[in-house]
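Please find the structures below.
Here chain A shows up in two complexes: once beside chain B, once beside chain C.
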Partner chain A sequence: MARLLLGIAIFAWLVVPGDARAEGLLIIANPNLIVATPVPLSQIAAIYLLRVTSWPDGSHIVPVNREAGSRAREEFTQQVLQEDNAGLAIYWNEMHFQGKMPPVVQESEEAMIAFIRNVPGSIGYINGSAPRPDVAPRLDVKVIAYVP
Partner chain B sequence: MAGFLALAAAGASADDYQLGHGLDLGPLNIAGYSDLVARFPNRQQKSIDLDDLSLFITGHFNRLFNPFVEAELTNLSLVRWGGVADHDRGDGDFVLERLYNDSYLTDSTTLRLGKMLSPVGEWNEIHAAPLVLSAVRPAVTFRNFSEYATGASVRFADPYSQVPDFQLYFQPTGEFSERPRDITLHQYRSVAGAHVSLPLGLLDKFGVSFQQSKDRFGVDQTLYGGDFHYTLGKLTLQGETTFSDISNNGTRTARDIEWGVYTALSYAVTDNWSLYGWYEGFADRTSPSTAHDLLFGIAYRPQPAMVLRLEYLQNIGGRAVNPTGLTASWAVLF
Partner chain C sequence: MFLRRAVHLLTRSIPRRILAALLSIYLVTYFATAIFVYSDVRASILESDATALNRLADLKYEQLANRIGALATDLTAWSELEVMNDLASGDIDKRVTQALEASKRLYGLAGDIYAFDAGGRLLAMSGGGHAERLPAQWENGGKSLRFIDKHTDPMTQKEIVALSVPVVGTFDQSYRIGTLVLTYPWSSVEALLFGTANTTILLEKGEKGALLEKSGPGKVLAASPPEIVGRVGLRPILEDEWGGSGMVAGRSVPRGGLVAKWQVLMLHDAAGAAGPLDWVAFKLALLGAVLAIPIILLGRWLSERLTAPIADLTRVVREIADTDKLDARVPVTSSDELGSLAQSFNRMTDNLERITQEREQFVRELAALNQTLEAKIAARTEELEAAIKAQHRLLGDISHEIKSPLARLGMALGLAARQSDADRLRQFERMEREIDNIAALASELLTLATLDAATEPPEFMPLDLCPLVGQIVADALYEKPSRAPDVIVHGAGAPMAILGNANLLRRAIENVVRNAIFYTSDNTEVAILLCRTARETISVEVRDCGLGVPDAALEHLFEPFYRVDEARARETGGTGIGLAICQRIVDLHGGTVAARRNRPSGLVVAMEFPSASLGLGAVRLKPAIPVMPLP
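Moving on, here comes the complex of A and B:
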């Protein structure tokens, strides 16, 4: 029985595409952004919690979220922000009233990529596998961190 | 300018609007909140009031230029009936709440110039009805200090919350666009103060406040305060306290100190429903007795930006600051 299960596992590993096997989150930013990579996840969390509002060159940071309920946002919230959704909703409303802009919401991966590509200073995330130096970027955005 | 145009093109359209997020127009965001309140005090006039219709605009341009303005229509009585009419006309006042610019000197230090909310406790800085715990505001969260400062403040907030946040602020002369006397108890001429807040979590904190002020009659006031907010699963505990020492007081008041304390407990029954209650003791400078109030309420939030509340306040001692009776409200952040 154990051999059968092991065989099934190996077969699954071979037939499942690599991207799906190793998929995590790619943290992406506007391609014109000049920043040392990888950006620490603690800094990305501070950006989304509106405690860091400017890039090192002084430009304003525009954080972008996926819509509530999307898988990417759930993963990002759990792994990077490490907070619960209800608390974040209250927190961002309070920050908004105090003059700090909560993350912009984009309701698809395509919309997220288009926004990041076009808006200076923007940062967001998409599902994806770890970037490889031998593979040229295809998205016209800058990958600044990877969350496994 | 290129960033402005790109952001406007990529991110701003009416289709993107979400309740509570405001409307993005390039580097500007236009938002606001409304608060419709029905009051049924036991022995006074009943009313339905538009307590607040507020509009606030946030701008982010670069490190140095980040303006913010908030103006509101407040205290507009829509319907009144029964009981004894009070002195408040309730015909609405237009108020400039805030007008300032933030310059981010570093990632952690901000210079704010203009008219701002004074950081005394937590409630005053997030006082929008959709964001606070109850429709009835505890007296200690606004009544015995200057809610505003027109001048300069320096704010320090560590991006990683490793050390306490602090704010220093200073108002050298009168309040810019001063609120009319029928909606404020005291009009302050000079204000200076500090607030230190120890972050304990995303929403949880412990803070201390200090404020020195002089009002238009020359009365000096020195205030010390504390506030906390702590979450334990579905339970949230929060509270504020202040103690004020009043001097150059003449014969206008009944006592030379003024103090108050409120402590609240709320329980999230579901994601949308919550129960809450608070106790407040408040010793007003004009009254020889100390008011003691209990409030119980239920809130329904169909979404984070909207809340409907029904609550009952019972005065259990002293001359009431908030009247005994039922209050219902509908508040929306838009």
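Moving on, here comes the complex of A and C:
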């Protein structure tokens, strides 16, 4: 029931025109992750650019991306990574050849949330307004940063 | 029966025997070779069939292994797709389902693919299914792909084999995010396996990894046709069990890999494998029969050629035996043993012919000699007869010529005696007596000569001997009455008839009777016996009990002028040819006369005449004295 309600809420939120919604990105992580919040955005960028691969507790970091062309990813790329999509694609390709896996792609916010909830050490992002303290416990993920 | 007749027919002559021997040698050799070749070829065909079956079984197994291997490779590849990461997020975007469906479509999979998350929940699948949780037999706790052997699909309840592979996150190889399962229908396995006409069995190896060869039967996974399993009974099928309704078996080589436990067994009926050989066997037999024809012809020609000299020899021998002609010769055609036999035979025939010719010449000469001799004898006999006739004529003439002068001399003596005195008269009487003697002698000689020289037989007629003998005895006793008491005549009452001349017979019998009566002394018994003998002859015996004659004289009594005692003869008188005349007469009548000793003393003269019936013309003589019947 809770999921259904969550789904309906998210659906309602999505169909609302962008201008009407609160702008911003919530950086979320597996709820079991023990880390000091908020994590600085520079740190998050380092994680997504595969320069940092472990959490302070030593666990493996699994960065999760949205598909290319999605609005959340566009925002995340611009706001957090401060890069353009084409340049990033080349960069991750190179890193792949160096044996470092590029971030896992999930094509929907629900999938993103489900993945992060299930996979230890995973980190992702969803659209959301700050600080939305009610969101995290209901989604069963940990919000570790907010990008306005 | 048929065989015995055939054997008899074949062994009747030497050429046929040779032919039979040649034929049997050929048949034995050919068919022994044919059987040897046939069995050898059959063995090698079965062996190559087994090799081919081995290869085929291996090929089948390889095909199966390749198929399963390809599926495993595919499944592994799919498990490593990035999209599989969605298993971690519960496939909310249905990307895994799409991927599985696309794979099934693109790869033309006969089975289905199922994706389960790490907790065993069914997240995605390529087709339909019922279970929501990962079935126990598909679980894969390991890190590598697992092959699940034939079992019932828990989703579709069909017979399948399955491949189960663990899925890990591409982001973290140590993080298990689910399980991917690929099913493969058993019908597809069978379709791969049973594509050929041969019998195929798919076996699962036993516990110890040893298949049918040593341990018990393995588990049969599939068989086509199914009843073949019952037929072979899963007992060890060995390749040396060929023959009869045996089977040729081929096995795949055991290998590693996913389906290492499988072994493909291919069977082939030995009869079916060697089937084409039946045609070969038939052709071999046919070839044997066809080859027999020239061999029979050759054998016949050869045997006839070999035995031709014997046939020639046989023909010539038969010709000689049939015709007794010895001029036939055997042609000598060769210089071998038969040739030398022919030469020897010809030499022998030459000798025989020469000997025969000599013998014939000898016989001819002998016949000629014989003819000459006979001619000489005939000439001599003629001369002799002429001489005898001349002698008889001379004797007759002499006797005749003597009688007239003697008669005249007698008359002259009678006249002289009338004119002489008493003293001279006595001398004259003596002279008369001597003249009488000479006249009697001349008369007898004349009779003898007449009998000897008679060219025609005297006239014969039936007559009775009894009255004739009676008359003779009576006449003799009239002249010598003093002997009357001594003379006895024994005769049968029945007539004793013979065919004869009465005058001659009288003379013959009278001679004997008178000898007996006149030349024995008084009181000497004289018996005359007339009887019919057992030989149907009439016997006239004159027996006296006088002095008789010595044994040595008995056989000479019937010779003319034979005298037992010269002195006595002169004393008693007689001419000396009476018995000779008697013998001639008896001979003329076809009878016999013989003299023998009387017991205790004296002489018996026995005459025998052939008897005859007394006809109407018989001369009946009245007996002068009574004839006594035989005692």
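Structure notes:
We take it that the second predicted complex is superposed on the first by the 122 of 148 C-alpha atoms of A that agree within 3 Å, B and C clash if a C-alpha of one lies under 4 Å from a C-alpha of the other, contacts with A are read in each partner's own complex, and residues count from 1 in each chain.
Here is the rule we use: a residue touches a chain if its C-beta (ideal position, glycine included) is under 8 Å from a C-beta of that chain, and two chains touch if they have at least 3 such contacts.
From a predicted model like this one, the values you see are computed outputs, not experimental measurements.
Legend: residue contacts after superposition of the two complexes on their common chain; A:Ser108 is shown touching chain C, with no touch to chain B.
Contact with chain B, but none with chain C, is seen for A:Ala89 once the two complexes are overlaid on the shared chain. In the superposition on chain A, A:Ser59 makes contact with chain B only, while chain C stays out of contact range. In the overlay built on the shared chain, the residue A:Gln98 is in contact with chain B alone; chain C does not reach it.
Of the residues of chain A, those at positions 60, 62, 101, 104-105, 114-115, 118-120 touch chain B in one of the two structures and chain C in the other.
Considering their complex, residues 60, 62, 101, 104-108, 110-112, 114-115, 118-120 of chain A touch chain C. Those residues of chain B lying in contact with chain A across their complex are 2-3, 6-7, 9-11, 16, 18, 20-22, 24, 27, 29, 31, 33, 56, 58, 60-63, 66, 68, 102, 104, 107, 125-126, 128, 130-131, 157-161, 202-203, 231, 268, 271, 304-305, 333.
Partner chain A is touched in their complex by these residues of chain C: 82, 85-86, 88-90, 92-93, 95, 169-172, 175, 177.
Residues of chain A touching chain B in their complex: 42-43, 46, 49, 51-54, 58-60, 62, 83, 86-91, 93-94, 96-102, 104-105, 114-115, 118-121.
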